[in-house]
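Each of the next two complexes has subunit A plus one more chain, namely subunit B in the first and subunit C in the second.
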Partner chain A sequence: MKTFTAPERLDEALTLLGEASPPTVLAGGTDLWPQWTATKTKPTHVLSLHRLEELRGITRAGDILRLGACVTHSELTRSPLVQAACPALAAAAATVGATQIQNRGTLGGNLANGSPAADLPPPLFTANAEVELHSRRGARRVPITRLYRGYRDLERERDELLVAVHIPALPSGALERFWKVGTRRAQAISKVVGACRLALDEKGTISHAALAFGSVGPVTMALDELASWLVGKEPTPEVGEKAAQLASDAVQPMDDIRSTADYRRHVVGRIVKAWIVELATLNR
Partner chain B sequence: MKIRLQINGNTRELETTPTRTLLDVLRDAGYYGVKRGCEEGTCGSCVVLMDGEPHMACLIFAPAAVGKAITTIEDPDGDRPHAILRALADAGAVQCGYCIPGMALSAKALLDATPDPNEEEIRGAMEGHLCRCTGYVKQVEAIKRAAELMREEASHE
Partner chain C sequence: MIGDNKRRKDAHDKMDGSLRYTADVDYPGLWHAATVRAPLAHGRLRGIRQGGNIDWSKLIFATAADIPGTKNVRMIAQDMPFLADDLVRYKGEPVAVVAAPTRAEAQMACRAVEVEMEPLEAILTLDEIVAKHQRGDPDLEVLSQWSFGHGDVEAALESADIVVEGAYTTPHQEQAYLETNAMTAIPEDDGGVCVEGSLQCPYYVAPAVAAMLDVGLDKLHVRALPMGGAFGGKEDFPSVLGGHVALLAQKAGRPVRIVLDRSEDIAYSTKRHPAWMHIRTGAAKDGTLIAADIDIVFDGGAYATMSPVVLSRGAIHAPGPYRWPVVQVRAVAYRTHTPPNGAFRGFGVPQTAYAIESHMDRLAQVCEVEPHTFRLNNRLRIGDRTGTSQVLKDSVASEEVLKHTMEVTDFARKWRKWGIKGTDKHDLGAPARGVGLSFFWHGAGFTGAGEARIAARVALDLVQGGRVRIRVSSTEMGQGAHTVLPQIVANALGVPHSQVSVDPVDTRFVPDSGPTVASRTTMIVGGELEGCALDARAWLLQSTADKLQRAPETLSVVEGRLRGGKEDLGSFATHLQAALGDNELKTFERQHALAPHLQWDEASHTGDAYATYTWGCCVAEVLIHRDTYEVEVPRLTMVVDVGRIINPKLAKGQVEGGTLQALGYALCEEVGVGEDGALLRDSFQTYILPTTLDAPEIEVHMLEKPYTRGPGGAKGLGEMPMNGAAPALANAVEHALGVRVTDLPLSPEKIFAACSAARAGRSS
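Now for the complex of A and B:
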């Protein structure tokens, strides 16, 4: 590598990204460094985001939580605003790597790295979050459910920078859960990772459902058909068992170094069943 | 390029290139307590504190540490070894010792923020550290003991 640039102003960063051969964007580096070490390569020009104040901070306006892209996992975990508006995201951030990684790694980096096993996308999928992309050409919002076009292929032009994430806050009375299965508690990359946002109406039937899983396909998967099937039903054990079957059938896992497709399908079903069972307890 | 880092309360002007990590630069400057391990953020041997929080020095470009208060195990905190180091030694928690500088610094970050941690909090703070000699039990005991020592010292001040 020849150049390390750390601008203080967003427009400077966007100008660099607009050049013919844009620099590699670096946030916390917790994904990029292991990749560089493993491949014994380094980019020729790195654009480090660590001095950009516009990419920091957690704020809430009305029912929308805004998270700067360089908010760290530790900040997500500790923030009362995140704990209230998207508790599954706070829970997910607490499972990334270890404390020392959580102090460094960022929300935007976790999303932009594009790993199908990333822990933060599932709770953002179920919260229906949007990402804010900026370039010299302007700014736009992309629903997180449309961010991943294919394996490590993002709906992000190369001159665009992920600046913030906007999350509709969890409605009162709704249930949000996160679940991660790894080989051990710390420093584990997920075998299965998932989140849900579920709500009941006053009659005790499911009025809202959103479920998403990672590490079970080339990209994070929203289980939309299952969610539609659940709405209008009561969260009985039978519905939970059928939902588990539908979830297992819907995911597209493969065998890899971390786990097997069969195990992943089974675990996805058990997680969904557990969520439905817990939802039923909200009713009492 | 020259960068100016705040290390253990001193300002050091160090020569580096943009390709180098904080781990590289600290070791070149003689801070050999910062250990080179996996170099991919897994083992915790290279942990230093930045503004009081533990970070893996192998994952940080040295220029990104400018303006941060860096603490390494060489920090001369008082006229005798820090309570955490005494407790680790007393508990027999040190065998080869390679993981200890990083562990001691993560323990310091924990105990500075949480003077009376429970076992879960201690194990949580140690998550990012691998020790291939021991089973972690004595380190956890040592950190509990260090917490007591630090609370006693604080009450005498």
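Now for the complex of A and C:
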């Protein structure tokens, strides 16, 4: 590492990112540092975000929760605002790495690293969150469901910085769940990770459905067709079983170092079934 | 003293961080080494070119051509080169070593070396060798083989009412010590070399490195530094690294150190042998055992190294602690083109114990006898004959261990209530619940004539001032040897534990007590030290008695004071001073000899395989998620007999640690071999060790069946806790779900696949 820059103002950071060879962006460092160790390489210029106030803080305005990109997993887990507006996100953050990792690792880093096994994207997908990208050219918002174009390929230009995430709060009466199957009970990378937001109307039929899974394809996958199919149906065990089948068919898992495609398909289906069964209990 | 929870002598320095490990010790002018590794799993070296933008004149570079003496590492088998010369037999095999002022420079230089190879066909996996073994393919290279047994197994199986056959496989396992392998070589003023580091067996390293340098043992000594764990992983491998740094240090004329990083350590140091075990057994209708025929294949890796002895121990324990009227065992280790497999706590037994104990549950099921009753009925007893035709004469705790286990775990009731066929009503929303049992044994000390060959020597110094110093080559690797050995000596001598210490382990100053392996340190080395201490005590009492003109048998040493009956005659130190006169110290030495009644024929593997055995029983309780097949283990109970316990707290720690290590082996640890022959999971991100949250409550019960020749009655302890959990967990999973996974680890993926196959079988 030849240069380490830690600006206090966002425009300084954006100026650096606009240069011909932009620096490597460092947030918590929990992904970058192991990569540097493994490859025995270090970038020539690192831009650290740790002094940028705009990237911090958890605030709520109306039905929208704003999370700075440098909010840590620990902050996500402990925040009453997050627990209320997106409980699945708070639950997801609590399963990432060890306590030390949760204290350093950030929301923005987890999203920008682009791992298909990342734990935070599924609850953000099902909450229909948006990410706020800034560059010298201006700011724009991208729905998180459009953030990932392909394997570790993000809808983010080289000069853009992920500054914040905006999350529509969970409507009252709706069900939000997070489920992770890891390689062990702590400090585990996901074999399957998923989240859902489901709601019933007064007749007891499904009025809203959003489901998303990670670690089962090249990118986090929103199960939109399944969601559309579910809307208007009653959460009966039969619907649950059919939904499980549709979910298993929709994902694109593979055999890898952590698990098998067959197992992942099966588990995705069982998780969806369990959610539908739980949803039915909201009727009572 | 024996039976007291003495605090570990290394506890303070470990707690406050002042203990210095190999990588912490500084030397002026120290350089750092790194390794150039072969790019292919099998082939001939065609060229090693020092390329890149490197000023090679400023570095030290060495290949096999630079080795002045023996090119192969002296181990049990002597077939592995320090540095590959012509033939490369695994991906990552060292072909050259580099020393540079910093580690980064050494590593950068290594990356600049181009290694050219002409590829040869490689055999990489256990599956491949088993397939060839079953076909009788002559391509397979045998690294070691043993066969033994008694009786006509085919005729016996023919006569049996019930015959059950099965095959079981186990994977590589990484020792996962906290401190990675690290060695330093320091040239000394007299022209000699000191090799120090994280190593279990100084007298393995010393002759291996001396032969490589072509110097006498007077010019080479080895120091064992404090270790952050070893588990067998630092038994044979330090000889390789010691050779590398000694070669570089001699060439450089300065100290050179190598410290492996974690991924290098996992990828290239020794692992537990992957194994395949095929078992055919016969029993009478009432469940009485008739015969066992056991075929064992071990994946030896690229070189034989320790495989002959690991395979031997695994095979001897393969029939389990049962009375077989007829038994035949054939075991073979074949070469694969992967890093050599070597020593790991349990030394071949965790593999065969998993196989036989999984199999015994199946056999019991077919015989319609409950698993605990089946084991109790068929257990080995005093007077019974083992697979090697050893007749058991004493310290057989099979019945006590089994019965105590039934009592403390309430196994029978749980087994009848839980499980897929249990009487409890099954709520499909709740996890599937099961309980499993395993029964196992472990031979203490070296196999067969091993202890006679080693003839362990120990020394005890009584020093002016009253200090008592132990000189042995047994190392402290975290297991507590340097606390327990002083307890044995202090107990026999009659002095406080604080007065006894173990000298730094340096081959220049300590005799060869043999390697720190095979659960032999407390029993064998401790036994000889107890003898020394009794000799020392007798000498002191005689000398004091002479001076006081009393009969020596009227005197005693109690808590560091000499006593004549109830009369206090003064401190141990005072009387020692009188006895020593002008001498600074008096040394007592002993050498181990095998008990004369023990007979062993190595070639036929017949006779007394071990002087004594330890006995154990494990009960595992599992909860299996019905959707994800994740296995939760709320409780593991271990009931063990390891003879007299010297230090209960340390002994319990050993049992708990070994049990957790076995749980990892059973449920999640897997290295895997890639298509190119590289070991796949080479970091703690991908090689899944159990965490605190994965650890069950481990309940330990210790029975003490004394062994007459062990110190205070102690037997071996270190390895046997590794044998029990894997088969107990496999049996518990089968009990819960009705499917048997015959291939470790018992991953959710495999349990799911087995359940799917069972469902498909039922519906077709």
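Methods note: the second predicted complex is superposed on the first by the 284 of 284 C-alpha atoms of A that agree within 3 Å, B and C clash if a C-alpha of one lies under 4 Å from a C-alpha of the other, contacts with A are read in each partner's own complex, and residues count from 1 in each chain.
The rule is short, and it goes like this: contacts are C-beta pairs under 8 Å (C-beta built on N, C-alpha and C of every residue); 3 or more make two chains touch, one makes a residue touch a chain.
It should be emphasised that the depicted structure is a prediction, and the values quoted were computed from it without experimental measurement.
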After aligning the two structures on subunit A, examine subunit B and subunit C and state clash or fit. fit
Per the contact definition in the header, classify A:Thr99: touching subunit B only (first), subunit C only (second), both, or neither. first
If we overlay the two complexes on their shared chain A, which of subunit B and subunit C does A:Arg66 touch? Say first, second, both or neither. neither
Taking the superposition on A as described, I'd like to know which of subunit B and subunit C A:Arg185 touches: first, second, both or neither. both
What is the contact status of A:Gly28 with respect to subunit B (first) and subunit C (second): first, second, both, or neither? first
Which holds for A:Tyr263: it touches subunit B only (first), subunit C only (second), both, or neither? second
Identify the partner contact of A:Arg140: answer first if only subunit B is touched, second if only subunit C is, both if each is, neither if none is. neither
Which partner chains sit in contact with A:Lys40 here, subunit B, subunit C, both or neither? Use first/second/both/neither. second
Which holds for A:Ile271: it touches subunit B only (first), subunit C only (second), both, or neither? second
Superposition result for subunit B with subunit C: lowest C-alpha separation, Å, rounded to 5
Once the two structures are superposed, pull the subunit A residues common to the subunit B and subunit C interfaces. 34, 38, 185-187
Going by the contact rule at the top, pick out the subunit B residues touching subunit A in the complex. 18-19, 21, 39-42, 44, 47, 50, 53-56, 58-61, 63-64, 106, 124-125, 127-129
If we count contacts the way the header does, which residues on subunit C are in touch with subunit A in the complex? 107, 263, 627-630, 632, 668, 672, 680-681, 683, 685-686, 688-694, 748-749, 752-753, 756
Given the complex with subunit C, which residues does subunit A contribute to the contact? 34, 38, 40, 181, 183-189, 257-260, 262-263, 266-267, 270-271, 273-274
Would you pull the subunit A residues touching subunit B in the complex into a rising list? 1-4, 6, 26, 28-30, 33-34, 37-38, 42, 46, 48, 50, 74, 97-101, 103-104, 185-187
